[in-house]
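Structure record follows, encoded as structure tokens.
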Amino acid sequence: MKLVLKISGKFFDEENIENFISLRNTIKNIVNEGHRLAIVSGGGSTARKYIKIGRELGVNEAHLDLLGIWASRLNAYLLTFILSDLSYMKVPENLEEFIEKWESEKVVITGGFQPGQSTATVAALVSEAIAADYLILATNVDGVYDKDPRYNKDAKLLSKLNTETLKKILETSQSVKAGTYELLDPLAIKIIERSKIKVIVMNYKRLNKILDIIHGKDIGSIIEPM
Amino acid sequence: MKLVLKISGKFFDEENIENFISLRNTIKNIVNEGHRLAIVSGGGSTARKYIKIGRELGVNEAHLDLLGIWASRLNAYLLTFILSDLSYMKVPENLEEFIEKWESEKVVITGGFQPGQSTATVAALVSEAIAADYLILATNVDGVYDKDPRYNKDAKLLSKLNTETLKKILETSQSVKAGTYELLDPLAIKIIERSKIKVIVMNYKRLNKILDIIHGKDIGSIIEPM
Amino acid sequence: MKLVLKISGKFFDEENIENFISLRNTIKNIVNEGHRLAIVSGGGSTARKYIKIGRELGVNEAHLDLLGIWASRLNAYLLTFILSDLSYMKVPENLEEFIEKWESEKVVITGGFQPGQSTATVAALVSEAIAADYLILATNVDGVYDKDPRYNKDAKLLSKLNTETLKKILETSQSVKAGTYELLDPLAIKIIERSKIKVIVMNYKRLNKILDIIHGKDIGSIIEPM
Amino acid sequence: MKLVLKISGKFFDEENIENFISLRNTIKNIVNEGHRLAIVSGGGSTARKYIKIGRELGVNEAHLDLLGIWASRLNAYLLTFILSDLSYMKVPENLEEFIEKWESEKVVITGGFQPGQSTATVAALVSEAIAADYLILATNVDGVYDKDPRYNKDAKLLSKLNTETLKKILETSQSVKAGTYELLDPLAIKIIERSKIKVIVMNYKRLNKILDIIHGKDIGSIIEPM
Amino acid sequence: MKLVLKISGKFFDEENIENFISLRNTIKNIVNEGHRLAIVSGGGSTARKYIKIGRELGVNEAHLDLLGIWASRLNAYLLTFILSDLSYMKVPENLEEFIEKWESEKVVITGGFQPGQSTATVAALVSEAIAADYLILATNVDGVYDKDPRYNKDAKLLSKLNTETLKKILETSQSVKAGTYELLDPLAIKIIERSKIKVIVMNYKRLNKILDIIHGKDIGSIIEPM
Amino acid sequence: MKLVLKISGKFFDEENIENFISLRNTIKNIVNEGHRLAIVSGGGSTARKYIKIGRELGVNEAHLDLLGIWASRLNAYLLTFILSDLSYMKVPENLEEFIEKWESEKVVITGGFQPGQSTATVAALVSEAIAADYLILATNVDGVYDKDPRYNKDAKLLSKLNTETLKKILETSQSVKAGTYELLDPLAIKIIERSKIKVIVMNYKRLNKILDIIHGKDIGSIIEPM
């Protein structure tokens, strides 16, 4: 199986060693079972810190985005060195570089690619290029909710939805938007739809469950492309 | 002044030597007046030919886009060699490469950057990165019309509009959509808006009028970001 | 076995999907039998189109050759994406890059390398660098003839010849020259001779016969180096 | 004049916008007077944060150093974008890349180069390669002291010293060592000595005084190579 | 097992074909037993020749070092082509490039990396980055002696010593210094100590004994890090 | 004016410091007068030494050529560092890289490009790509002779000849061939003819006369393309 794992920048912000160990063990198991894996890391608080300084100094939007991209690459190098016996040791800086390396490596880890584009879009582009079986979005919530779970006690986790439903949630519910937008922006959804990529949203505290996904169990929310 | 000139793939399809000569003369004049210029070329019929063969053979969407990108780079190399005394002689293959070269060169010519992205988006990204005074879209019509001029005799050229109006034209009028979409897709508009880029749409048969734009005259349609 | 397959630009000009499918199946079979393969693609009509425009605009010979080289690389990318599960995904742009990639990949696909040099010379250089068992020239005729088959009904296919004979045919018979020259120019022959490379000329409509060559059958014309 | 400016990682840790503005103005003035400038940025707290996580996860020393290097490059990109109208827009990743770019650019900004090597050594290597008139070490103290000023009220700033004296201070006084070591490690001193590079240590809060250095005034401590 | 083999420039100066054949056979055997190998070649007399000309012409120290580095890369390419069926075919030019290639290749051959740094330091950095089981220094003497064997008939080969002892020999005995310094300079020793790398010094005329080292026998001198 | 200067490997073999100083002064004068210069260096005895070892060890022809190319690049780096205030500091490794750098640099220095090709061909390709006013071949004889001057006391220097005459001398006179072949091989002549490049053959001991060539005086032999 070919998997793409997008890891939220929040994963790095927590600086939780247990989470990193769990991630490493999970990836070792995935590779040992003969699967291949692309990982895309977000930029998190390191990105925000540098963007904030840059913005105060009048740096333009394209260059601010590049600061965020370099921060996400720093996170990607951290994962690379933690997985140094499995991973390709250079973080690709654009999709062509990624594609070039994918065929000969078991694990390739990347950060952002280009201004004007979220790391979720990077993950969608990578999924399309390698015809991934699943794009897994690992974040700090358990999946996609019908309402924002931070403000609504009765918010229900959607175990299955399609991209049309997702777009409606994004459009109609302002409160959900902010939290979910990070998961998938419109360009990412467009790519998911045109190439029929299956997406799973799950909590990065439960990464050890990825093997269950491979074995066919339902974890978090599954988003099916329309 | 810093200009970005996006040249439609149709310009290359016509194989009209006079158009190329006019383009070369115009660019020489622009540079002689001390301005700097980035050019983004579309892929045109060469792109469509290779994408068609690839699609019949089951090539995936990301790789089909890359065929189109390589075709647009071939068009960019044609311009590069025609302008060999002015232009940087290598076609940048992503935004970081473009940014790296821009500061030390008078003219930098590029094609597409990445799958899932039009060359209009490339032109918008480039405009943002260099803080361009104008993004000029040179195509085979004289500007933006309120209705599709191919089907509506009473279609009126809009000499000035904003991105909100443009988005409405794109959404409401199906017939206009196809023709205009090539000019600016949603991602390109998003970038134009966030960085307040002034856009001009003009006919590539009148490229010699670009100096008039620089000197403050109105040509084609001007789109102002909201 | 290590093979180099030079595919004439005419193969791409025909836009014949059946030919592409046959090529793909053949290469899969070759790789499945444990052999390794370098492919060199010609530039064909795409190259000629861009060179023609460039020449009318006064582009110099070196840059015209580069337009042809970029066109041949576009053909090479088409093959790369058609064979994306077997091939190295970047088209090498010079011999050192090719050599760097060859050891770790099953199939490496390239176009032209440098001005002043045919893709036949590229194929000969590649054959020498990897010590190929055969250099196979796939073109739109069945092999080398003693006279030009287009003008001579009694032209005879030569099933075996050496490079001395080939050179004589090229020198003495003006009419044959044009058609054959594309197969092997003097520099390519020099390399074939100094490194004793076995060359086979065959029709690209019969690519499925390459496995027969590997298994020792005679196909097309075989040229032995002197 | 050719200057190398090494900026301590602490400069970035303070996130003090005024310091950045002062740095930008100073560099503009230096360039406007016709001088050229290489800048080397340290890694600071961003480096320490990633190294700490990596060490807890058993990452080896070479890879830990690389995390610090990538953090220093992130700091270097921040400076690059703040100075985007003056600086070369890519951060060189080794000395050969730096040398390649230096001749054609007014300002080149770099971070670390290689494991096992401080950014002070990078600054010394860069100074040697470009035959810099001065290597300026901008840090959070006013210069080199005979004792550690944090613990000794009577510590005296040395306005002039040579590398022999510096080495003795480093060897004999344990308390000074830690603070000063960051300034110049043994390899950096070796390079400074073999190429007779003049070194100035000054406070990064007084960067506006660099023009005074150029004009011959004494600022901070000057270290003369033996 | 993972080994780093540093080959003295003197090995190349001798132009002894038998030594090269022995080296090739040894490496084939090492690889056949499933081990992996990084090789670092010195610059030898080629380096000295170019540095001498450069120095007479006033070339600066950084550039003189680069001449030596390019000479060592030429030696590395000689080994690469001699081992063309086993080795990665491009000589990495810095540690990041080396690390990038190491995971997917059985043998990677490199020369110098950077001015101000011996090829012994390169070998130590490489050993640290790949967590080598042994760093083998192949030179023209049989190991480390307590006195300089060229001047002292009673010099004794030390079959085992630690880095503290080595540093004392280097410091106290001027006559030994010159010969031994080439083996390990202070920076190399620092890296060996911080990453606990086991070092073996042996004669390059006995390279066929490396397999004995792998199998646990004592050859030459073994230096243990403190 | 745009000049290409091909310097024979023999220039480097002589290790004559006066020759290097004369070369440096000449190039400074050329640049000071506003001309631009590409330099191509041969491989000389360094190339022959490495090729000889490689051949005895069974290295194939393509890789032997690469050893010669790397040796010529080492010579090119020597010139680069000697001219470090004028020259682009990286030796381009193929024609596309050379073309990329030419526009923005006053002096670009290169060695060989590719197996199967002399450095004279490199110089012809470079001359064509930049539309050089003159290609100057600096060697250890004073120009082209009607007979081999080493064996014929009455050999006459030809102050003017065309490529047809040159080819006849090369074909008919075996004794002249060896010495002259190094100047221009058939591929180099083909390129010179197709792009009408003016060639001058002169002694590298008289490089200070190049300014006379620029000013219209006749030096050595001039070869005019047919």
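All chains are identified by letter, namely A, B, C, D, E and F, in their written order; residue positions are counted from 1 within each chain.
In this text, a contact is a pair of C-beta atoms (placed from the backbone, for glycine too) under 8 Å apart; a residue touches a chain by one contact, two chains touch by 3 or more.
Here is each chain with its UniProt name: A, B, C, D, E, F = Uridylate kinase.
Remember, predicted model here, so these are calculated numbers, not experimental data.
> Hey, what chains does chain A share as contacts with chain F?
Per touch definition, common to chain A and chain F: B, C, D, E.
> Quickly list, by label, the chains bordering both chain C and chain E.
A, F
> Compute the shortest path length in steps from chain B to chain C over the network of touching chains.
Shortest path length, in steps: 1.
> Could you find the chain whose CA centre sits the greatest distance from that of chain D?
Farthest chain from chain D, going by C-alpha centroids: C.
> Between B-D and D-E, which chain pair shares more contacting C-beta pairs?
D-E
> From the options A-E, A-B or B-C, choose the one that repeats interface C-E, i.e. more than half of its residue-numbered contact pairs are shared.
Answer for C-E: the repeating interface is A-E.
> Which chain lies the greatest distance away from chain E when centres are computed from Cα atoms alone?
The chain lying farthest from chain E is B.
> Write the angle of the rotation needed to overlay chain A on chain E, where the fit uses Cα atoms and the result is rounded to the nearest 5°.
Rotating chain A by 120 degrees superposes it on chain E.
> Centre to centre, by mean C-alpha position, how many angstrom separate chain A and chain D?
37
> As a quick test, compute the distance in whole Å between the mean CA positions of chain D and chain F.
43
> What whole-number Å value describes the gap between the mean CA coordinates of chain C and chain D?
The computed centroid separation for chain C versus chain D comes out at 55 Å.
> Calculate how many whole Å lie between the centre of chain C and the centre of chain F, each centre taken as the average of the chain's C-alpha atoms.
Taking the mean C-alpha position of each chain, the two centres sit 32 Å apart.
> Give me the residues of chain A that touch two or more other chains.
In chain A, the residues touching two or more other chains are 60, 63, 66, 96, 99, 104.
> Pick one for the touching-chains graph, please: line, ring, star, complete, other.
other
> Which pairs of chains touch each other in this structure?
So, checking each combination of chains, I get A-B, A-C, A-D, A-E, B-C, B-D, B-F, C-E, C-F, D-E, D-F, E-F as the touching pairs.
> Which chain D residues qualify as touching chain E in the complex?
Its residues touching chain E are 60-63, 66, 93-96, 99, 113-116, 121, 124-125, 128-129, 131, 186-187, 190-191, 194-195.
> Which bits of chain C are touching chain B when the two form their complex?
15, 17, 20-21, 24, 46, 49-50, 53-54, 56-57, 59-60, 63-64, 66-67, 70-71, 73-74, 77-78, 81-82, 84
> Per the contact definition, I'd like the list of chain C residues that touch chain E in the complex.
96, 99-100, 102-104
> Of all residues in chain F, which touch chain D in the complex?
85, 87-90, 104-105
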